[in-house]
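What follows are several structures.
Both complexes below contain chain A, partnered by chain B and then by chain C.
Then we have the complex of A and B:
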């Protein structure tokens, strides 16, 4: 009897500690997801009250070339930004793992772009990639490229620009730190065995390092995918604002414009639901994966 | 015969170690070269901001572009700080940082406590929901939030940007939980025997020994709100409530020509915005690195 009372009290006190989060979940995350689903079945421009229209927003969406473009652009952006940032993070981490002096100084330079405001980076990228004023085209002229592209205003060349920008993101810096610490955990015996066989640096990397950290690579790929959905707006909005010609109008931008520029709340909510489903699928994959392949000590 | 052999062997060993050393210095030089080239590549955008922040507008359009301007224009900084709403934007950014950091430190620590140190019904489910909501992009929940705050009459105030932090951000709850788990549970148990209740254990014992995680979350929160663009863009309209990120986006047009960017001023502004995170890294890099690594590695 007493024990029952104790657990009851313990449960009560645990949930009172949790109460701020529970309220937050209802008001700011879980609740809004449900409201979004309901709103996506309505037509509403903020005036008057929402009008129920069933799945009309969704059927309009899949007939709309702008939406299909946005979906395509989101996928392209996600693939490019994830590939570039994972590769860059691994490369930087390998460099930081060299047994040399001043590693701290190098880490400062490699890491600091990650904590820069994306607005700041967008400003300088705009200047660097400017067709006439830009230092990038100036440097290209040294290797004989004289009619260099108009990076920011060309619906193809904007992608290499965004790929370059993806190197300097929070996500890259974060993964670099994770890679750097996992590289330190590769058992040194493996390298010694490899050295006895006379392997060079590249062979060591391919045969020892990569297999040892492969779970981390896979894990980082999924983390980077989820965070690219989160950060795409902050990277793209100040840099291209979805342009040129909607070439980089990812879903997050499209939601923002439909909701807060056109005030088409129902349609914007339907877009948000689609984005939510995409993220949920990726996240579910991550959950499964972290259970099966990745083991960390808490 | 024997002594000859040993000396031969010795010389062979010596020779090998010499080769190894030579190879060592060669590799070292190569490694340093690579490290330095990559450091320049990574730092280049920031160097370029600094360089251009010291040019005149004409200097920026000069061809070929110069790395070191002949006559550094420090007046650009004076003009940025004086002429525009820069100080107002700066004040607003600081309000957002302080409000959110205070809010999230209190609420996230409180919420993390039972998750790390108590056994209760539904603990597993709740932790799973917290991990799941970490991945929900803000953009998918922003419309209902906007409508809610419109109902409250909070649009175009700081409230929608600060109040949610008092209801625990999942990322920070996770960081606190990981830290609290490393503290032995026996501390709680002996305090309970002394007659402390859970709240007293939390405030009197756990919080004082958890300084590192408070600093870590504080630093991450400060960086996040220094950079935050999306939510202020949705909730803030008035010029005098905009934080630096939005303010910087719309300011700095060449006078009289609304479509031309005053690049020199924009770069000076960018440099001003770049310095605080760098300083924060220099002073708190241990905490920052620890926090970023943990939030990437979920168990």
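Then we have the complex of A and C:
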């Protein structure tokens, strides 16, 4: 009898402690998501009241070549951005793992770009990569390249430029720190065993280091993918605003333009629902695939 | 003891919950509509510039004239149109809204702003016949809103051809004038382009960085840009695209559109002999360290320049409409318009005030052709500015794609313009 009473009170206190976060989630995340889904079935231009139109937004979306272009561009951008940022973060973290003097200074400088607001960085990049007045083309002219490309306006060269810009975002810096700390947790006995067997640095890296930190790699890849879908906006909007001839019109940018520039809330909500589904599917897929290559140590 | 502690911990959590919910309600209720306290009225006024009310002459002078009205300035430097839309839904929009040309129709249709005809009939501060032709035409053409006037222009701006006199002198080319055609423009640009091997050290003319110039070119070549509320871009646009492509990729006297074009001004940097820009650049170019001047845009079939302005409008949900009108009346009077001219160096849309020239700002090296404003004002039209700016800006991206070799001119005319029209239709 007494045991039953205590369990009831324990449950109550557990729920009470959870409730602030749950209420916050419902109010600020769950509620807007549900309203968004409802809005995607309506037409609303912010000044009148929403008008129910069923699935018309969705049928318009799939018939629109701009939307299909957005999908293609989003996929390309996500693959490039995730690959580049994870690789760059891992590379920098490995560099930081070497026992050199003043490694703290290196860590500071490697992390500084991540704390710079991305809009500021985007504007600086715009000036640096300007074809006529930019620093990059100026430096290239010293090594004899006088017909340097129009970096941000050329539909091919925009991709290397974007890949380069995504190294300096906050998510790369965050991943670098996580990698740096996880590299320190690789059991040193494994490294000693490698030295005994006469493995060189590359073999040691591929066969010992990578498998040991594979759970962290999975975590970072999933985080990078999700954040790339959502925060591609903060990088691309100031930098290219959809890019040369819609070459960088990612889905998040399309949502922003339709919602707040064309004032078509219903269509933008439909796009957002599609983005939500895509991100959920991709993340689930990554987790399924992770069983093949992630090693969880006991 | 254990029971007491558990009880107190649960109580603390529930108290915390109640407090957070209660305090969440008292958030930032930034009620932007004016208030009145013991006879004093606070009027809210929004504009897209960042001003200090204590240092802004027109606010100080107005408050001196009407001591019982205080102006509260709402500065919205970014995403102005979007923020005003959000404020209108939330019921927190200011009493007097300086509206974009593209928004006035939408606001009027949705009842967000009041018609001003009844106030205008009674006022003596200004005369409706004193406005430049484009404004009178606009007032007449507001058919969709029953022919009523919903906004009064605070000033106006247009587009000019700016040129570097030193470079012209060096190359021995006569200065531009109001009779210049596109052919004269091209010929001069060819003489003013200096190449050093494969590098161009001086461009004849800068690339187009302001969207209005594209539409002014199409207008000059015969298109009406906007007719009966619909896009009218056909042969004129085709001619404009061909001409600009000629300048950029054939004659190579104009650079390709590049990133950061709005801030990387080749003319100001002394790397281009001419540029076509907004008339408000007279203020910034006053700092140029070379001799320069301005002329009307070169014409093709006719003289055409786009006009830009903002409209004083009264929020229909305002509680101080009489005071709001007093402010607008003051701003449209000679005193208010002169103060605005001195502040922004944009001429007034009222011909009598513009003639007095308070908007002029001459720097060390120019300009002197201030009559360019008068010449352009007569030919100026409110063309593309009446349409949603996102649609018109996106179209300009398509125009630039032609120059970058990514698109064909026919694709733009046959696909992109109708697609833009579709987007505008959905905007209803």
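Please note the rule applied: the second predicted complex is superposed on the first by the 245 of 298 C-alpha atoms of A that agree within 3 Å, B and C clash if a C-alpha of one lies under 4 Å from a C-alpha of the other, contacts with A are read in each partner's own complex, and residues count from 1 in each chain.
Criterion: a contact is a pair of C-beta atoms (placed from the backbone, for glycine too) under 8 Å apart; a residue touches a chain by one contact, two chains touch by 3 or more.
Since the structure is predicted, the reported quantities are computational estimates derived from the model, not experimental observations.
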Chain B versus chain C as contact partner of A:242, first or second or both or neither
second
>> If we overlay the two complexes on their shared chain A, which of chain B and chain C does A:23 touch? Say first, second, both or neither.
In response: both
Taking the superposition on A as described, I'd like to know which of chain B and chain C A:45 touches: first, second, both or neither.
second
Check your understanding: Of the two partner chains, chain B (first) and chain C (second), which one does A:203 touch, if any: first, second, both, or neither?
Key -> neither
Problem - Partner chain(s) touched by A:127 [first = chain B, second = chain C, both, neither] - result: both
Between chain B and chain C, the one with more contact residues on chain A is chain B
- prompt: Between chain B (first) and chain C (second), which, if any, makes contact with A:260: first, second, both or neither?
  reply: both
Next on the checklist: Output check: A:13 vs chain B and chain C. Expected answer is one of first, second, both, neither. What do you get?
Outcome noted: both
- Message: Just checking: does A:155 make contact with chain B only, chain C only, both, or neither of them? Give me first, second, both or neither.
- Response: second
Interface residues of chain A shared by chain B and chain C, listed 13, 17, 20, 23, 123, 127, 132-134, 260
Residue set of chain C touching chain A in the complex reads 6, 9-10, 13-14, 16-17, 20-21, 79, 82, 85-86, 88-89, 106-107, 110, 112, 197-199, 255-261, 263-264, 266, 269, 271, 388-391, 394, 397-398, 400-401, 404, 406-407, 423, 426-427
So, in the complex, the side of chain B touching chain A is made of residues 27-28, 31-32, 34-35, 38-39, 42-43, 45-46, 48-49, 52, 60-61, 63-65, 107, 110-111, 113-115, 118-121, 123, 126, 129-133, 135-148, 164, 166-168, 170, 173, 178, 181, 197-199, 202, 223, 226-227, 229-230, 233-234, 244-245, 248-249, 263, 266-267, 269-270, 273-274, 277-278, 280-282, 285, 288-289, 292-293, 295-299
Listed in rising order, chain A residues that touch chain C in their complex are 9, 12-13, 16-17, 19-20, 23, 45-48, 123, 126-127, 129-134, 141, 146-147, 150-155, 240-242, 244-246, 257, 260-264
So, in the complex, the side of chain A touching chain B is made of residues 7, 10-11, 13-15, 17-18, 20-21, 23-25, 27-33, 35-36, 39, 91-92, 95, 98, 100, 105-106, 108-113, 115-121, 123-125, 127-128, 132-135, 138, 167-168, 170, 173-175, 177-178, 181, 201, 220, 223, 226, 229-230, 233-234, 237-238, 251-252, 255-256, 259-260, 265, 268-269, 272-273, 275-276, 279, 282-283, 286-287, 290, 296-298
